[in-house]
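Notes follow once the structure below has been shown.
Here the chain labels run A, B and C in written order, and each chain numbers its own residues starting at 1.
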Amino acid sequence: MNGADPLLRLSGVTKHFGGIIALANVSCSVPRGRIVGVIGPNGAGKTTVFNIITGAYSATAGTVMLDGQPIQDLKPHQIARRGIARTFQNIRLFASMTVWDHLLVAQPHRGSALRLALPASWADPDALQQAEKVLVFFGLEAHRDRLAKSLPYGIQRKVEIARAVTAGPKLLLLDEPVAGMNEQESDDLRDLLFRLNRDGLSVLLIEHDMPFVMQVCDYLYVFDFGAVIAEGHPDLVRRNPVVLDAYLGQEG
Amino acid sequence: MISTYNAGLFAEIGILILGALSVYVILSTGQLSLGNAGFMGIGAYQTSFLTVEAGLPITLALLVSAIGCAALGFLVGFPALRLRGIYLAIATLGFGEMVRSLFLNLDRLGGAGGYHGMKSISGVYIWSWTLGILVAIMLLERSRLWLEFRAVHDDETAAGLVGLNATAIKVGAFGLGAGIAGIAGGLFAHHYLYIEPGNFGFERSIEFVLAAILGGSTVAPGAVVGAGLLVLLPEWLRFLADWRLAAFGALLVLMLLIRRQGILDRTTFSRLGLRRRAA
Amino acid sequence: MFLQQLVNGLTLGAVYTLVALSFSLVMGILGILNLAIAELFMIGGFVGFSLLVSGYPIPVALGAGMLAAGLFAIVIERVAYRPLRDAPLVTPMLSTLGFSIILQNIATNYWGSDPLQLPGYFLATRFEAGGVQIGAMQLVVLAATIILVGLLALLVRRTKIGRALRAIAENRDVARSLGVSANQLTMVAFLLSGLLAGAAGVLVGMHYTAITPYVGVDTGLKAIAVMVVGGVTNIWGALLAGPIIGIAEVMTVAYGGSQLRDFIVYGIMILILLIRPQGLLGEARAEWSQRV
């Protein structure tokens, strides 16, 4: 599948760690406004792809294009500012901060540096306003001043996503977002994703929960041993014998 | 009229508060500096040289040397980025010792014999600086920049992923801390009127860290509590004569065991009356 | 002259090696600097020294010094470290600092602040070989160091506890599977650390024929530099780096002026931290090279 102008495009991305080949010539893309899934057995290289996109790792070879611009040599915070946000498999929140703090700290820098160094409550009304909007959108008002890490798992996941989208990114990378969630929670997350997607956010997600993947994704890439072994519409991919083989008896 | 002795203690506390704050600012980005006495020493010598030999008024001299120290702090902060945790702390320890050794060797500024000739300043003057900087930092604590400091402290990787330049933040914090330590040094020099390299060694650096941690390393006023305790406790323990230092050491251990986060922390401080900040 | 300085440097280096290993044992396993080591070193030195001055033979004095320091080390582990082991590293470090203040007060009260001197005739024999003089004292220091380091190496390689120590230095969870509790291990680490520091204290006192309550800090800080230069968890690294730093220091004093020596010593340490942070013989760890 190739949109004429995908939001994100990986071309021939390879990653070596010493003697180990973590990714071999991976090419994939995320079209604008779509939700794309990445599935595959553990150790297939899925998280490595995320790390390369966000700049945590540098690719041994290949390019990563965002909006037609190469980003593979940029630093993580620069890539973030260009509009890529990410969550983690094991939720990484800021241990000392409240929910509100998370939303405020992730705001983009608008205006002068001085604005940043003065007390936020009187120097940066735009940031406060924006954070408030996100708080309401995610339904987190009740938890505003609670320490984020003390909240229930499902809410923490929400906070992490809220933090990620606060700055209005173009692309959201979700690493196993519904892991450890019950059906209610994962339905909530699904609806949240649809709302965000309707507002223009493109999503690339890694997941093992196949029902979730089927409901949510427009397109799938299947990874194994660091390479893309299949891709396509979820229904087609599901029936692909190569894919079933790779999962070796796991639910397809 | 307070006695000269008590006035001396008052001044000592004021200076130590600044030292503790210098550690605090850097620590809030997750970096432990065991070498801030080095910056203090540089500030002390710089300020003294400027007032004694260049004839600058004390305030201007303090400002100039604060900027000088901050600049050096930035310089030191960059290579420091390569190191983490205890190794960073050890490197800063080495830095502090190198500075001390440098001044021992710098005969132009007195070498081992020390430097003198400074004109005295009042306790009120010292505390003007202390309170000014304390208030400035407390204002900074309510800013987005401080949240970014804390984000880098809590999880540097996640911080990068929300667009924060951890490098700039960590180096910036080093510069800020260095500048504050430099001012502490300048004030120290003009209070004691005689300085020597031994004043700015590891024991001083660790004293700053102790004041910051004991008082509470998550809120700026913790420095006030910590500095006060470190200066006043030995005084209150005088009645123990020869064993007062051992008692002091024991109390230190006890305080850390009972309240490891330090005496003031965010919740305690907000409960003490200041309205919980909106941000 | 040059060779003479070399020998002096080696002797000083031997002491540094022991104290560096003392730091290493705690740092490698627990990740903290035991700031009481300087005073353990000093107390061990005083105890051993007192015995020497009273006429006891060297091995007895050495043993007593080690034991005294070792006992205090165990107390420190139990009281200052264990309750705080989950706190951020600076807190247990400051706790050990509290103990160092206590120890120093004990020493000044018991032995006074003035230096304790060895009688002049003590091990004063000097041997001469090829224009280089080496005192019997220095030979004892070198011999003792080699024996102690050898014993440590044996302990670490051949015993279950020793293997657990090495394992935990690499990976905290592994040691548990070897059937040794973390608390036990910590105790052993502190004990060994104390024993070595105490020995070093006695030896350094013998080397300089005098000991004061303030001898700990300067040696302690330089020993940290030695630990870093050699590589934190590596015994041979400490054995290599000790003499390197000792010789560098002695040479600087002889040819450059005594005021520069700290500058050189810590300069070397910082250089290593920047260029090869794992130390000369240490192993590169992920935390150094990770970009994230």
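Just so we're on the same page, contacts are C-beta pairs under 8 Å (C-beta built on N, C-alpha and C of every residue); 3 or more make two chains touch, one makes a residue touch a chain.
Since the structure is predicted, the reported quantities are computational estimates derived from the model, not experimental observations.
Using the average of C-alpha coordinates as each chain's centre, C ends up farthest from chain A.
Chain-level centrality, scored on Cα centres against the all-protein Cα centre, points to B. Chain centres here are Cα averages; for chain A and chain C they lie 50 Å apart. With centres taken as mean Cα positions, chain C sits 29 Å from chain B. Rounded to a whole number, the gap between the C-alpha centres of chain A and chain B is 41 angstrom.
Across the assembly, chain B contributes residues 157, 160 that each touch 2 or more other chains.
Within chain A, the positions touching two or more other chains are listed as 56, 76.
Along chain C, residues 292 each make contact with two or more other chains.
Only residues 54, 56, 75-77, 80-81, 85-86, 88, 92-97, 100-101, 104-108, 115-121, 123-124, 127-128, 145, 163-164, 166-167 of chain A touch chain B when the two sit together in their complex.
Those residues of chain B whose C-beta lies close enough to touch chain C in the complex are 27, 32, 79, 82-87, 89-91, 93-95, 97-98, 100-102, 104-105, 111-112, 157, 160, 202-203, 206, 209-210, 213-214, 217, 242-246, 248-253, 256-257, 260. Residues of chain B that touch chain A in their complex: 139-140, 142-145, 147-148, 150-151, 153-155, 157-166, 218, 266, 276-279. Of all residues in chain C, only 27, 31-33, 35, 79-80, 83-84, 87, 89-91, 94-95, 97-106, 108-109, 217, 221, 224-225, 228, 257, 259-263, 265-267, 269-270, 273-274, 277, 287-288, 292 touch chain B in the complex they form.
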